[in-house]
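These are the structures in question, set out in turn.
You will see chain A twice below: alongside chain B first, and alongside chain C after that.
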Partner chain A sequence: MNPIHRAAAVLCVASAMAGAAVLAQQPSSTEQEIEKYRAALGEDNPAELWEARGEALWKEKAGPKGASLERCDIGLGPGVVKGAYTVLPKYFADTGKVQDLESRLVTCMETLQGISEADAKKNHFGSGPKRSKMEALVAWIASESRGMPMNVSLAHPEEKEAYEIGKRMFFYRAGPHDFACATCHSRDNLRIRLQELPNLTNPKDAQRAYTTWPGYRVSQGEVRTMQHRINDCYRQQRFPEPGYASDAVTALVMYLAHNANGGVYNAPAVKR
Partner chain B sequence: MIALAAAGCAALRGSPDEEQAAVALMKKDFKPRGQATLDRLDQDDVQRTCTRYSGRPLPPAEAQRIEKEQLALIRYPADGEYLGDWKAGEKIAQTGVGKQWSDDPSRAAGGNCYACHELSHAELSYGTIGPSLYHFGRTRGFGTDVQKYVYGRIYNPEAFSACSSMPRFGAHGILTEKQIKDVVALLLDPRSPVNQ
Partner chain C sequence: MADPMKIRAAMAGDKVEVKVLMAHEMETGQRKDASGKVIPAWFIQNVTATCNGKTVLSAEWGPAVAKNPFLSFRFSGGKPGDKVVISWVDNHGDKRSDEAVIS
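Then we have the complex of A and B:
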């Protein structure tokens, strides 16, 4: 079977398994249920559908300039995809700022394809028939870094600044519930309900968490990126909404990505 | 656009400290959505102090100051009754909605106690951010003094344990007086499953 057919077959298994998980009566952690689901999938991962679509989108001529994204510099030079996810976020001289993959793709859609920023960010979190180009592109580009160690640099002063700001954001307590990212993610071996919470200040946990995003979310039937993960955390923190692919989110991603340095990248993964 | 971006970065670098830079960046890049307005990014004294000392011990003088100030904010029920309906309390403990941009502000919020605490043994899906509260009344007693303590502890945890991870459910208007009484009953009614 080609990847698309195989992934489509996998999706049917996925629905059945999700149903089984709901019916399960035994006390069992969510992580164990997801492990069973992963085992049932074997080598297959529904994210392959997104990866295949993303590769096609990368190569497709689009926008007023009728150009593809194949000359986009996402960190290792124009057109280099292999390994690029492991060095992001990083400073880009042409924009004069630190960018993560999603912010950088917006830049390339603007400069190479002539697409407006608003259009580039349209449907950034897809749902059902309203599919997201960005989630597909990120799924494919990220998959091209599988097996490579995270290697995010703080050599440029702007990179160091982004890291320090991201760290302050991580510990920033506010809102009606007094929550910070750190409330749930700065101690070892905690759970919210049955969901295990990574301690993102601990390199081992940070590596395991960061290197498995983006993820195919079983509960949502979508591939979700790090931008989405952070957006949903802030929703539950009762904060206002962080702008998509904004400098603020990039700074927080920089903190998390650098803490994960040395971890072997292995995504898109399958998630709860 | 490049010039604008460069100007933004220059402004950040010119800031005296990264805390301020982080706040400025959040205020630039976060957008109000639903009931989650931008003023939620403004910290009160407790939030500012706890952020400053995150990851290191809070000096005892700071802890005492916070606890004293926060204790004064607790409004105990005028009728002197603390114990509500434990069955309603169980529902509040199970419910996690409230105050998120995705929530309907006209609907009552939950306390989401099970997200962080073990309570009834019938509920296996509980978190471990806070301590187990199973057998709370059986261990601590069912008297009015304990009821009043628990009411205050839920209303404003900062009054008892500065920089606690637990939200100030009463002081921040997350739960109503009646809802807090119901949760007190979940912990302290001898018939509640928490005490079985």
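Then we have the complex of A and C:
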């Protein structure tokens, strides 16, 4: 073999080895790669900035009554924040209905601070410098339930009813695409392009999905709440936009939250 | 006034590891809004870190740094109890300074 041929042969071996190395490194699933990304961000989740702002907003005196939200009952009694997210949605006797965190915060802004419902719901999804108070409050309150198991009750008849309505909404097919939530979220191992879709009728997937919302959405640079997640699913189904903090969304959240019972809460998380 | 930063400073071996999360829009000046108007550039330009008053890091940033930037760095010569101060100035002249104690 002359030297040129030998060099070429060596090169071939080298490139074959490099090829094998690339193959071996390939991820078995996108979800695993996203998982690595989440782990890398770990304790440096930008949602912390929202949490800090939310805690300040909770304690800040605001509205015509000049009161803070510190006496707000979000599920475990006035002023109790720790663990509250794990029992929501829940029936509240003072309003006579089942409420999730966001609709409950609207109630507290009205009753404690004297802010009108319209103003309380204004700017509920922030965008850049137009920031949302609600997203910050939810981020902080939710973060105070980290590490606690989901424990949503259906003991009250209204809670049971909300769950049943939510369940019907989940399976209700309509719209130009004859779509339901269940079209994407009632079978195992489905995905849209590279995004895996949780099967929300299966407790394991439901727990994993529910306990990681709200989340910091990297693609939007914002913390998004459960209400936003539902809105986005409705948009993808080509349904009309549901009312913010409406009974309908609360019912659907009730269905999802109860299915996630027992799952350990761990949000705000980092999302795509 | 901008939102506070989140700063963690802890010993990592004989060095101090500092992790900072800053709240800033970091607008590049390249994007347009829905009506087609350019969104003006707005980003952090200078970042400095001091330990007990002595500068340990000084950086010039541009619009290539992402929104809500995260900065992590190590320096030597610090010890637990020392005060680390991080400050930034953006291209609007807006500034923010926060501190943490090394643990």
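Keep in mind that, in the parts below, the second predicted complex is superposed on the first by the 237 of 272 C-alpha atoms of A that agree within 3 Å, B and C clash if a C-alpha of one lies under 4 Å from a C-alpha of the other, contacts with A are read in each partner's own complex, and residues count from 1 in each chain.
Basically, contacts are C-beta pairs under 8 Å (C-beta built on N, C-alpha and C of every residue); 3 or more make two chains touch, one makes a residue touch a chain.
In this text the structure is predicted, and so the values were computed from the model without any measurement.
*Asks:* Overlaying the two complexes on chain A, which is it for chain B and chain C: clash or fit?
*Replies:* On the shared chain A, the partners fit.
*Asks:* Going by the contact rule set out at the top, does A:Gly128 touch chain B (first), chain C (second), both, or neither?
*Replies:* In the superposed model, A:Gly128 contacts chain C only, not chain B.
*Asks:* Report for A:Asn151: first if it touches chain B alone, second if chain C alone, otherwise both or neither.
*Replies:* neither
*Asks:* Going by the contact rule set out at the top, does A:Arg173 touch chain B (first), chain C (second), both, or neither?
*Replies:* In the superposition, A:Arg173 contacts chain B only.
*Asks:* With both complexes superposed on chain A, which partner does A:Asp247 reach: first (chain B), second (chain C), both or neither?
*Replies:* first
*Asks:* Please indicate which partner A:Gly221 is in contact with in the superposed arrangement: first for chain B, second for chain C, both, or neither.
*Replies:* A:Gly221 contacts chain C only, not chain B.
*Asks:* Check whether A:Glu48 is in contact with chain B, with chain C, with both or with neither, and answer first, second, both or neither.
*Replies:* The second partner, chain C, only.
*Asks:* Of chain B and chain C, which one contacts the greater number of residues in chain A?
*Replies:* Comparing touch counts on chain A for chain B and chain C gives B.
*Asks:* Give, as a whole number of angstrom, the minimum Cα separation of chain B and chain C in the superposed three-chain arrangement.
*Replies:* Superposed model gives a least chain B-chain C C-alpha distance of 13 Å.
*Asks:* Residue overlap on chain A between the chain B contact set and the chain C contact set?
*Replies:* On chain A, the chain B and chain C contacts do not overlap at all.
*Asks:* Along chain A, where are the residues that touch chain C in the complex?
*Replies:* 43-44, 46, 48-49, 52-53, 128-129, 221
*Asks:* Note which residues of chain A are touching chain B in the complex, please.
*Replies:* Within the complex, chain A contacts chain B at residues 27, 94-97, 157-158, 161, 164-165, 167-169, 171-180, 182-184, 186, 189-195, 197, 201, 234-236, 238-243, 246-249, 251.
*Asks:* Within the complex, which stretch of chain C touches chain A?
*Replies:* Interface residues on the chain C side: 3-4, 6, 8, 19, 21, 23, 25, 27, 67-68, 70, 72.
*Asks:* Considering only the defined contacts, which chain B positions touch chain A in the complex?
*Replies:* The contact residues of chain B facing chain A are 1-2, 5-6, 8-9, 12-13, 18-19, 21-23, 25-26, 28-33, 36-38, 40-43, 46-47, 50-51, 54-55, 99-102, 114-116, 124-129, 158, 165, 167-168, 172-174.
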